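Since the structure comes first, as structure tokens, the remarks are kept for the end.
Chain lettering (A, B and C) follows the sequence in which the chains are written, and residue indices restart at 1 in each chain.
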Amino acid sequence: MKTNSLAKLRFEKFMYNRLAVAGFIMMMLIILACVLAPLFTPYDPSYIDVTIKELPPSSEHLLGTDRLGRDILARLLYGGRVSIWIGLSSAVGACLIGVVLGCISGYFGGKLDQVLLYISEIFMTFPRYLLVLICVGLVGQSMSNIIFIFIATGWSGTMRIVRGKIMSLKQESFVESCLANGVSGWSIMFRHLLPNTLGPVIVDMTLSVAGCILAEAGLSFLGMGVAADVPTWGNIINAAKRLDIIQNMPLLWISPGLAISLFVLSINFFGDGLRDVFDPAQ
Amino acid sequence: MLKYLAKRILQLIPKLLVISLIIFLGLQLLPGDPITRTISPEIYKYMTEAQMEQLREALGLNKPLIVQYFTWLKGILRGDLGYSQSSGSDIASMLKGRLPSTIELAFFGLIVANILGLLFGYIAALNKNSFIDYLFTTLSVIGISVPEFFFGIAFIMFFALKLKWLPTGGRMAAGHPEFSSRIKYMVLPVFCLGISLIATLMRFTRSSMLDVLNKDYIKTARSKGLNETEINVKHGFRNALIPVMTLLVFRLPILVSGTVVIESIFNYPGMGSMVLDALSAGDMPVVMITTLVISAVTLVASTLVDVLTAMLDPRIRLE
Amino acid sequence: MENTLNENVLEVKDLQTRFRVQKRVVNAVSGVTFELKRGKVLGIVGESGCGKSVTAHSVLQLLPKVGHIENGSVMYYPKDGEPIDLSKYGPKSKEIRKIRGKDISMIFQDPMTTLNPVYTIGDQIVENLRKHEKLTKTEAKVRVIELLKKLGIPNPEIRFNEYPHQFSGGMKQRVMIAIAMICNPEILIADEPTTALDVTIQAQILGLMRSLQEEHGTSIILITHNMGIVAQMCDDVAVMYMGRVVEFGTLKQIFTEPKHPYTTALLRSVPVLGMDSDEDLETIEGSTPDASTVFKGCEFAERCKEARPECFKRFPKDTFFEDGHRVRCILYEENENG
């Protein structure tokens, strides 16, 4: 009963934050548009037809076509699927690893904690992009590799949040009373401590979706992300590295740039709203 | 303070060792004969199999991995960074021209971001819930959300191509290496690099400042009859700065990461674009060694920020 | 006005302080009147949330941003100079800043948080001194060290250059007293100065305040919820309840012939030396109402043992007795009338 009313209170607080609600709606709209891409565009994003290359916007091609005659709107929508999928799955994966390691580190402490903390510290002092680039160089460019790399390099932040939270919760008397009543360590950790860390973790995960989308876009922009024939928001912009294209085909880079910015912006507003709900102190 | 400094430097060494070990192990994972990365291809070309075996023995490449690591590390510390596999040139001399460019870019990015981020955060906090606060806060979310390359392209389009105020890229005009003529080449890259840091610092300074202004010692300062500026700057901002500096330590690697993208957009000849060129050529030793150098520099810079934080906070300094 | 003859150094009249929290308006202090006599200690007592601390902060206008003085006056009569109504100046005004720390200074409850962690305690005391008196750094340092010595801080020359985190709670509160006393103020407002400290240290701090007060003739407003401290320290007492002074009188009047039922209840709830061991301490029934409650009658009526129907219907008026004793209770109004 109590959790219900707390959830209700939080929901009301969230709804009160207009920017957060707007962010959520915008985010859902963009996701829907990408998922239901075939409804909005009849074109295949990878279909090459050089006879219609570099067309300006028209009623047939709302955003025009690119250098290979592909419809930009179609590439934008289908590209969004890939970009959002990479962002979501990497953030969720990295978060899961971070939560598990953070729980272990925070609850058991000792040597194991020291080692895990040190590893996460090394990760955080390393410029992450370079680490990602090395990994890309080692394992090659593909969507699953990118997701794998993002997960492998992205868990340290969550781990630290969970670890800190668990360590402070461990001091609370309810843990002592659980122990006194013979509840096992694992049970305390997963049934009593973990649920208490959920708020900050969800906020962190939301914001790291934004981070991963930005990272993927940057990587693809550099030509080091997902293979160039797969449309992603970053890959579309990749073409705009030449000055003549920047000047003559602004839609080619403005539209995916705006798509990324708008999506990440809405996630950030949404995430900030969540943070206010879960962590009033901030 | 000296004790603290010594402690920080002592903590720095194992971290550098771990990073170098990671890079070393990464190098071992690469296919191909490690000897090709160790000696100049010019010499390698004319060597017989027997000579090579002899050299392997001499370089310790037949010894256990851990011995090899220390031999390699010794070489690195002497500036012997090995050879590029695509161009065959010495990595150390490739880096010589590039490292200062990147450090220059990152340094100015850091300075600009700090000045603007702290200033905007301070102003927003003092004018909480006013129009200017909402404006800065909203702009900062935009600054965090818009990818830096999008800003970069937009800036090139607008300031370089349309208005023709600034060059589209590069680091200097041919034959004009002096600093004053380089400034206009740096404006756009530095600003682009700094935007997300400005936004982050602004948000953080704002909340830190608001937090500090609620502290009891602000009331004490007020009860002494100090004026608002003295209270806000001497007692407020000075304290608000401490957590911001701690955040900066974690943001530094992200700023350095940004140089890769920024250098690529603005054709800026630094380490980032060197890494990218090497990566496209499949020249992993160059990528890894460059990464090692950049990480080491970043780590040293983070330690400097840590020391700066300690200078601001006696609780850390006198620990 | 011949203020030199005025025996009061501070007269607070009908002070109202209001807080605006989001859209709610809370009257934290609603019409408080009291006088502080020159060279005397006035205690303001009451339960937490009764507005005693807000009253103290209102004098120097050290209220949080959401709070402001709505009505009333705070007259300060300096030893030499014209009387000033402090409530007429803005909280950031030059006039009030000149008085803060110099003529009237303040000590707060929690010494752990009232000192700035990044400056040495020497700097923090010198800051107040040099703000109000033209002194060189060396002169200021000499004065500060002298005061630190008087306050019983060992090795003051060394401690001068140390930071707050190197001090214990009691030592920090001594430093706060040094900040407050360095300019020899006429009035010292101490807001629960010993609540956050260990009992043994409480006595030391109070003793120090007493001796400084006797030496410099400082007038003190002592805010506390502890009747024991009142008995030990004060010359006059104001008892507050729900943002109002319900009874005002000398220490003797309040302790030997309390008039207001709340004061009586308050006194019965503390143990007194020499009390029979089988005698029970009383508790005051119910709890302090929410600060935003709107009353039609006496605020204490709900919890009052002697409440009459009339008490719930109208606000009581102040009743003045010849000996200066003052009470805000309907019971005494009737006595007067009948």
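In the analysis below, a contact is a pair of C-beta atoms (placed from the backbone, for glycine too) under 8 Å apart; a residue touches a chain by one contact, two chains touch by 3 or more.
Keep in mind that this is a model prediction, so the values were computed, not measured.
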item: Least hop count linking subunit A to subunit B through chains in contact; value: 1
item: Longest centre-to-centre distance from subunit B, chain (CA-based); value: C
item: Chains linked by the largest number of contacting C-beta pairs; value: A-B
item: Whole-Å gap between the CA centroids of subunit A and subunit B; value: 23
item: Interchain centroid distance [CA atoms averaged], subunit A/subunit C, Å; value: 55
item: Touching two or more other chains - residues of subunit B; value: none
item: Residues on subunit B engaged by subunit C in the complex (per definition of touch); value: 215-217, 219-228, 235, 238-239, 242, 312-315, 318
item: Of subunit C, residues touching subunit B in the complex; value: 60, 62, 92, 96-102, 105-106, 108, 110, 113-118, 120, 124, 127-128, 131-132, 163, 165-166, 176, 179-180
item: Residue ranges of subunit B in contact with subunit A within the complex; value: 15, 18-19, 22, 26, 29, 141-142, 144-150, 153-154, 156-157, 161, 168, 207, 250, 253-254, 256-258, 260-261, 264-265, 275-276, 279-280, 282, 284, 287-288, 290-291, 294-295, 298-299, 302
item: Subunit A residues touching subunit B - in the complex, by the definition given at the top; value: 118, 121-122, 124-131, 133-134, 136-138, 210, 214, 217-218, 221-224, 237, 240-241, 243, 246-247, 250, 253-254, 257, 260-261, 264-265, 267-269, 272, 282
